[in-house]
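See the structures that follow.
You will see subunit A twice below: alongside subunit B first, and alongside subunit C after that.
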Partner chain A sequence: MLRYFAQAWAVARKDLLLEARSRERFVSMATFAVLVAVVFSLALDPAVRARDIAGAMLWVTVLFAGTLGLGRSFALEREADALTGVLVSPVPRGAVFLGKFLANLAIVLAVEAVVFPVFALFFGLRFAGALGGLVLVVVLATVGFMALGTLFSAMTAHTRHGETLLPILLLPLLIPVVIFAASATQRLLVGRPLVEIGGNLRMLLAIDLVFLFLCTAAFGSAMEE
Partner chain B sequence: MMIWTEMNGIDNTPGETSLQGVRRWSVGLGFLAAATLVGSFWMIFFYAPTEREMGIVQRIFYVHVPSAWVAFLAFGIVALCSLGYLWLRDERLDAIALAAAELGVIFTTIVLITGPLWGKIAWGAWWVWEPRLTLTLLLWFIYVGYFILRGATESPERGKRFAAILGIVGAVDIPLIHMSVQWFRSQHPKPVIMNPEGPTAAPEIVQTLLVSLLAFTLLFLSLLLARYVVERLQGPFTALPMIVYGWARQPNPEFRELTSAAIVVLLFVLLTANAAAILLRNRYERNR
Partner chain C sequence: MDAPAVEARGVEKWYGPMPAVRGIEFALGGGEFLTIFGPNGAGKSTLLRMLCGAVRPTRGTVRIAGDDVRGEEEGWRRKIGLLSHQTFLYPGLSAAENLDFYARLYSLPDRKARVAEALRGVGLLDRAADRVRTLSRGMQQRLALARTLLHDPEVVFLDEPYTGLDPHASAMLRAVLDRLKDGRRTVVLVTHNLSQGLEQADRVAVQVGGRWVSDERRGQIDPARWERDYTERVAAAV
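Up next, the complex of A and B:
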């Protein structure tokens, strides 16, 4: 079991090292997300209070930016045919999946660490009172998002026009994550207590467990060569 | 050449007899479905009373509800057969899953068309973000994605695997979506909505609905088997023109050459055979 996680970590470390050297995905995702925030603030009617819809805006932005970055998760390995190398190594497919998942999770969480303060700055949101709850919501929602995202980016990397295919497949399946995450975020933003989003957190946790189990199991079938 | 073996390797050609048996079942069920549908139409228009509150528009309910039921049945079949396919790698299971997914999308489309037609009059709006409507719409998108994913892969075998995975993930996601959209609604005040089922149901209404359900289920099974037979006929050596047609849609340049060659050869064989037939007939008739 320990060995399994060590192998997963090796895959994750490889991806994170690549990302740390090039910062290709992080920079494009964060820039895109900040641009979306700018577009939102310019497109919104001044009469609309941004605070009332910030939860929805935040999660739509994260969803689009995350999907953008996920497209590159396997594309890079595919281009250099490095994926074959990963797959022929004596690492179980589940561990490969877990490693890719952890790397994606870390990168998207880093992007979110930029996106949320930027939104707070642009729209005058106050997170300070509910920082703990917010972090919990963000982490739980991103785990579910990345579990499905990693599996589907692995599949769409093997298709034509995979980059456009990924959001089409991913968005309808991610609706539960978006609904629970956006409503929890919105409540925290308007200063509701943490207990009120207990149900959301439990649902997000359940979704995470289901998606993680399902996608780890399915990854083996997806990656047969 | 690898592609050629790949295309051959995927098939364990079914016995002609078993496919013919399936076809007979399909035709038989089709006749049964047609008879039941005629009966149910008679019941819808003459037997069932006009519902008091909603009026005549309520009769669309006898098409709407059976379509929804059939769509869910289809997506259940997709999930089970996809699971079976990933496990056993039996081409027949994939063919059933594909047939069921196509029918599921068609019947979901019927649900999405009949629903707003009714809703415009009963609710006063074409579309409401009501949990069931939202779920149906998302289902439609998920299973349209099923076909896009299937068609976008370079090797047919991989397309089948990916589609099977999407079929399973989609089915597991359905209850989650259902829970989340209900949660979502519960936070927003509902507009004044009548209970979609109608407040009271007379026995005639229930009977008509049951007959419609039976008719649609029979129709679904008949179409499922028919589509299955068509899909199975696309194996190698059974329907050469269909295979050539399949090649034409492959992006790989190797397939393009193969398609051109196959079309030229087929054309040549066809013309030669016809010429031979004409010559033979002419000679035979002259000699007679």
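Up next, the complex of A and C:
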């Protein structure tokens, strides 16, 4: 079991090292998210209180920005066909999935750490008093998003129209994550207590467990030629 | 009796209605060097990828040292190494980081020493910290060879390893491959380069249209005549 996690960490570490060098995914996702915030701030009717729709705006932005970065996750493996080298090695497919998932999770969480303050700045949102709850929602929702996103990124990486297919396949399946995450975020932003979003957190946790289990199991088949 | 190092029984690969590999049967003993020749599109690389478990056969069985490559037990993967014309390296990582990554995947002890030794073996120790994208094609291929041999595999699969190499880099690669013929390691080489393939082989097979049309011992053939016959045989089979 220790070896399994060590191998998963080797995959995650390699992806994070490559990202730390190029910053390609982080910069493109963060830039995209900031631009969306700018567009929202210009397009929003001044009569509408941004605070009332901030949850939805935030999660739509995170979803699109995250999907943009996911497309590159397996592109790293396509250069020089490195994925074949990994798959021929004695690493369980589940460990490869876990490693890619952890790296994607870390990168998207880093992007979210930029997106939330930017939205706070543009729309006058106050996170004080809701920070703990928000962190919980963000982590739980991003885990589900990245579990499914990593699997679909692997599945579409070898198809001719992979980057177009990825959002078409992924976004409909992420609707439950968006519903529970956006409503929980919204309630926290308008000052509702953490106890009020307990149901949402439990649902997000359940979705995470189901997605992680199913995606780990399906990853091996997705890698078969 | 020891199980063959590599064994293929009725191996076939179909992509929809199109056969890529058909009815491959052979057993290779420990220390043997098999070269598989064939024209482009003969299915040689597909066969090699099935032998090392990267592609699932449509029919048939592949065993490495007695272990079915489709079985649950994956210990056989530690026994094989694959070198292709693709390097399987990450251009954004340094030479040493690439090998360290693979050493972690193989759970090798003394990673640093092992990586340094592997780099020394292919003459790249002084380029350890350089990113792979800054290395020449020949250096990248030598690094790929170091990656292939890092875990000291018993069976080495080589898929057109000379592709894109200049004569100097080819000679260096051939010298390292010669060292693989240590009587202990089994090698399967896939190529369409007749002189390079014949030179090192103990056994020679020709694959055309997915099938083996010949399988001979190297000692039984006269290279000059064989090369002439090969061209005719391939033309006839095509």
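Just so it is clear, the second predicted complex is superposed on the first by the 223 of 225 C-alpha atoms of A that agree within 3 Å, B and C clash if a C-alpha of one lies under 4 Å from a C-alpha of the other, contacts with A are read in each partner's own complex, and residues count from 1 in each chain.
Keep in mind that, in the parts below, contacts are C-beta pairs under 8 Å (C-beta built on N, C-alpha and C of every residue); 3 or more make two chains touch, one makes a residue touch a chain.
Every value quoted in this text rests on a predicted model; they were computed, and no experiment measured them.
By the touch criterion defined above, A:161 reaches subunit B but does not reach subunit C.
In the overlay built on the shared chain, the residue A:214 is in contact with subunit B alone; subunit C does not reach it.
Of the two partner chains placed around the shared chain by superposition, subunit B is the only one that A:176 touches, whereas subunit C remains out of contact.
Residue contacts after overlaying the shared chain place A:149 against neither subunit B nor subunit C. Shared-chain residue A:66: touches no atom of subunit B or subunit C. Contact with both subunit B and subunit C is seen for A:224 once the two complexes are overlaid on the shared chain. Taken together, the two structures place residues 224 of subunit A in contact with subunit B in one case and with subunit C in the other. Those residues of subunit B whose C-beta lies close enough to touch subunit A in the complex are 86, 138, 141-142, 145, 148-149, 152-154, 158, 161-162, 164-166, 168-170, 172-173, 176-177, 179-181, 183-184, 187, 251. Residue ranges on subunit C touching subunit A, taken from their complex, read 49, 52-56, 74-75, 77-78, 80, 82, 84, 86-93, 97, 101-102, 104-107, 147.
If you check the complex, the residues on subunit A that touch subunit C are 3, 6-7, 9-11, 13-14, 17-18, 21-22, 76, 79-82, 84-92, 224-225. Residues of subunit A that touch subunit B in their complex: 148, 151, 155-156, 158-162, 165, 168-169, 171-173, 175-176, 179-180, 183, 199, 203, 207, 210, 214-215, 218, 221-222, 224.
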